[in-house]
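Heads up, the thing below is written out as structure tokens.
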């Protein structure tokens, strides 16, 4: 009776799916766009006849940028709305809060954002990048460019701290010098001291794991300081098209970002995605990596359900391994072992018009390795 | 000049005045008397518009001012010295006077000097924040401030409270002079019978929120009035 | 029986029936509201009675919550293991600060003592120097901000932004089991009831009157021979302990404690309920806390983006039209239809 | 100077020596010596701004002096905090009466009565009204208003309540700052009688400007001027002193009685 | 050592930002006793004004300063007239009230301008910087420091030299008495609020040079702004200036020696410690009355 996923959400000719993002609070800025992309995917799938002949009915909830609320709403979607699966979360904190809920209820969460790795829950599918698909390639790229001295800047929370641990292990192994490692509270807006520290250290590159609004302040204040992308490029892993707009392209132009997808990525699927997104939400809207990952998540789940022939959670999990779609970012495949997806890494250069130009990409999709087991320099990390 | 008729007033739901009526003819000096808590202050506050009457009418110079804002009443020529040494505590004595002058219609700087002539002790205190003055000093300031507006009707609520005897004499002299020479009309609340007796033309006795007796000054000697004022 | 008694009995009966009628999910929510109601009792004491607008109550809530969470984490990890978040934060050995929390008695004592002690020391420092009113409000708000920054920055010790989550047991109760959840609910309800009575007695006592006097004329109170700083400190400490207990219960009820619960905004939100219900009446504060949090759940289910409008608007409306909250409205309705108006004459 | 000449000088209850109070460079009290003996009823007068209230402020701990000492029953008061001084037995009223508006009249009095209770008993509820409170209600004529919040009291009623609070506080030394200001004549008389009664068992210092009141109830008077003692003596002596008349009473009506 | 010296202008830059965001509070909080939590949203309104005006003319940024003053000022006036005036003498209630208003304004901004940040492009003449003590001080910082100085001088003149300022202080100190003195208190209140809020608007324009422009903008600055006023002493302009400078340098150096998170915590500890010595802030207006 309280069988949450079991043929779950599927009553009559409908399948309910939960969409759980922050629609209010500080994270709303980012998460609303992901919700939009997920809703677009649901709509497209319905337009093509739905899944197993049933229409998808999204049930949207607000996580309110508050981790306990995410847990509460997840529980609500599972036990009250009895959805077949949930797409949701952005911050790692929200994911960690939801994880026990999904595990306890044996329900499914699709998490669409790049994160710090070191996690693999049987009830979560990770459609964003793990560290070896974003941070490690970015480091490889910098190393290839001959950058020997690095400065690390991040927001004070789990993702940046873990990312920096990885970076330091990498640096130690590859003879790269880390000149400084600085954290600022989320929502911090005063970067003059930090910029001064960077100017003082004279690194070859800055690795930026700042999140949210802080990026705006950081780049605006960096620009006046005389530190230029030519002398000291900043590589950001949490700045996508949406953020570039808010920072002001003129303030980030010439700096680098690392993702798996840009609006400019040239694949047929992406042309369709961007066009559909703009058609639905407005021509001035941009698409970004987490949005694309959220969009993919819906398709990946739908494919797994089709393959399983049911929405029942265990069946979907079993069916999911090896599911492949032609996503906007290219071919993406679910790795059945760790429930992450294989993704292509891309380094981008921010353009003056706010778009991001790909300057390097991995030869093909990189197999996800959330625990970095295949990298010997990362031995001490997990 | 001032006419109050049938005024009821209340603080929230607590009624304090019950159908109070009062006439203050131009050029007169009327004294309101009564035991503590009978509603004298409340009456003056109602006349000044701090309290809006729930019934009744107040006219000034024949004009109905029952609903007029306080500052407009002041502009119309009424001035009020509240009970209890009130001032703008963080403004200096000079600023206290100046700010009042700037709000008057006439804005004549000479008015400040005239007021200070009544209370010369204030001259040494001009730079001191009023909140630091002694009680009596503040009371002097309060009266001086009222005079600056050059009112035609002056309402005084126990003006001698806390003031040293020699200054009381001066206040008395000043009120008398303004009253006699400049024709200032005064509505005075005063507990000091002798002070009131020397100045007042007529009096009003209040009890429990009502006017229980009104008459000419001479009648104040009346034993009945004394009894009314007794507890 | 007075109206107060009748409504009290009705409330107790309703709370007792809840486990029988509500789904485990809804019951969990109700238990969460009860936790906030416990904080509300403390706020009503400190703010309504004592005039100390504490915008940092989240700090004490958090101290209690973290103390409890540390115990539960250690309990779960067993004697050898490390709490999960330490593993992925790269901590290899249990920090010294954590060690005593393996002991349930110590942890329970800490739930009360740590918030109490912090509040006591802070209160002593601040109130002795006669920092009050807006100054105190703003300082307490800054305290909340600083506390969150501190917690987030000590990831290996506190779990950082993530906080701690994934609790399965609570003193032998299975939190994943509906019966365990019912038991936790019952504990929360019981604690609320007891603290309500304690607060009620305190308000009615001479100390309570003294507190009101301190609120309205702190300096005058000194000349009656009392030390207002002490009166305030005691009250502030009591309210902090209540917040700490609420935080400790919140952990098994909701299953997570994180800095997101303790910052400026959540601390302010705790006040919303108290203001809406009526800060001067303890029962009003409780009712307000429950009602507002229930409204928050309801609206975020159906009307997510409007919640801020509603919350903000509700606040404004209550303050403008019912500054004494719902309790004030009830009071004046009762006065209008019950008692005679007072005519004050001497 | 009456006290000095007496054969067996009673013990000084309050001894102020070399007191100096400075506000932003202005000396409100300057080299003041002031002694009150046990059981005295002392009147303190002087021009507005002479420093009378400031003196009370210093004795009760509200203002810190720049120099000098205040000894009460042999104990130094300077440097002690206000509530300690109260607990030693010094009570005061304020020139502008301040009462707790939200508490009822009885509760105001009860608080003044309860400060000696240990914290534990403070945590209990008040039951009924103590004798001290009942008689203070009586004395202040506030029985009818006993259960009204003090906020509704008029100016004069507050003054009475404040005196009542001081009474139930039962201090050894009472400092009254213009207790009859704003009271009607008959009320002043009542206060005077009350004062007399209190003075028979307590030491009292009264600041007043009401000369009539002074003449009726004062025994010994201290006149302050510009922060120091100008004259001390009986009412008659003080009234005749030309300096006192000059700075305080005024020329014409110093003696006028109505 | 060089870096240590060049923290000097940085301390000054931080101080200027703190001062700008806190200056308006000198009126609304310091003078009127209204703990206006919506102050941050008035700053936000100023920032969005700059956003909306950009590109309208070549000097939009400069024009935005007075326009933002007017926009935020009018919002403040409206707030005073519709709500605050019922709350005089209840400072703690104003805190909650205006917090409610700030939530509504934030959501309104989200609905009007979208949740993501928007960008205000700095005018060309503010791009680049000048070398001071071996440190490059960006022109936008120089501009903010200059703007802060101008605003402080203006406020100082207003408070101490102009009749309007005197009138304002009178009304705040004793509303009833001010009316008895013939002052139209309602008008003074509204005007005071207009000034304080208008200054927030000006700060908002300046902040677009260095920070994000989004619906949450106000929340980033509001706590710091109040701390400046508290540390400085209520209603004390020189206190606010000194506190801003002190906190600016403290922040700058503490962050330089430790990190941003710890610096924030240490600053808070320093303020508590400071209030132990000076409980009412740096400058206090003494009074004799009992509270």
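Order as written gives the chain letters A, B, C, D and E; numbering starts at 1 within each chain.
Rule of thumb we're sticking to: contacts are C-beta pairs under 8 Å (C-beta built on N, C-alpha and C of every residue); 3 or more make two chains touch, one makes a residue touch a chain.
Only a predicted model underlies this, so the values are computations on that prediction, with no experimental measurement involved.
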item	value
Intersection of contact partners for chain A and chain E	C
Topological distance between chain C and chain E, in contact steps	1
Relative to chain C, chain with the most remote C-alpha centre	B
Farthest chain (mean CA position) relative to chain E	D
Chain centre separation in whole Å, for chain E relative to chain D (CA means)	47
Chain centre separation in whole Å, for chain B relative to chain A (CA means)	75
Centre-of-Cα separation between chain C and chain B, whole angstrom	51
Overlap residues in chain A, where contacts from two or more other chains coincide	24, 156, 183, 185
Numbers and ranges of chain E residues touching at least 2 other chains	107, 110, 261, 264, 286, 288-290
Interface hub residues of chain D, defined as touching at least two other chains	23, 94, 96, 98, 152, 154, 157
Interfacial residue positions of chain D with respect to chain C in the complex	60-61, 81-83, 86-87, 91-92, 94, 98-103, 107-108, 110-112, 114-117, 119, 121-126, 144-145, 148, 152, 154, 157, 165, 169
Parts of chain E lying in touch with chain C, wherever the complex brings them together	29, 33, 35, 83, 86-87, 90-93, 95-97, 99-104, 106-107, 110-111, 223, 226-227, 230, 234, 261-262, 264-265, 268-269, 271-272, 275-276, 279-281, 290-291
Interfacial residue positions of chain E with respect to chain B in the complex	163, 166-167, 169-170, 173-174, 176-186, 235, 285-289
List of chain B residues in touch with chain D within their complex	11, 14, 33-38, 41, 83-85, 121, 125, 128, 132-137, 139-140, 158, 161-170, 191-194, 197, 229-231
In the complex, chain C residues that touch chain E	47, 51, 53, 55, 122, 125-126, 129-131, 133-135, 137-139, 141-143, 145-146, 149-150, 152-153, 217-220, 264, 268, 271-272, 275, 305-306, 308-309, 311-316, 319-320, 323
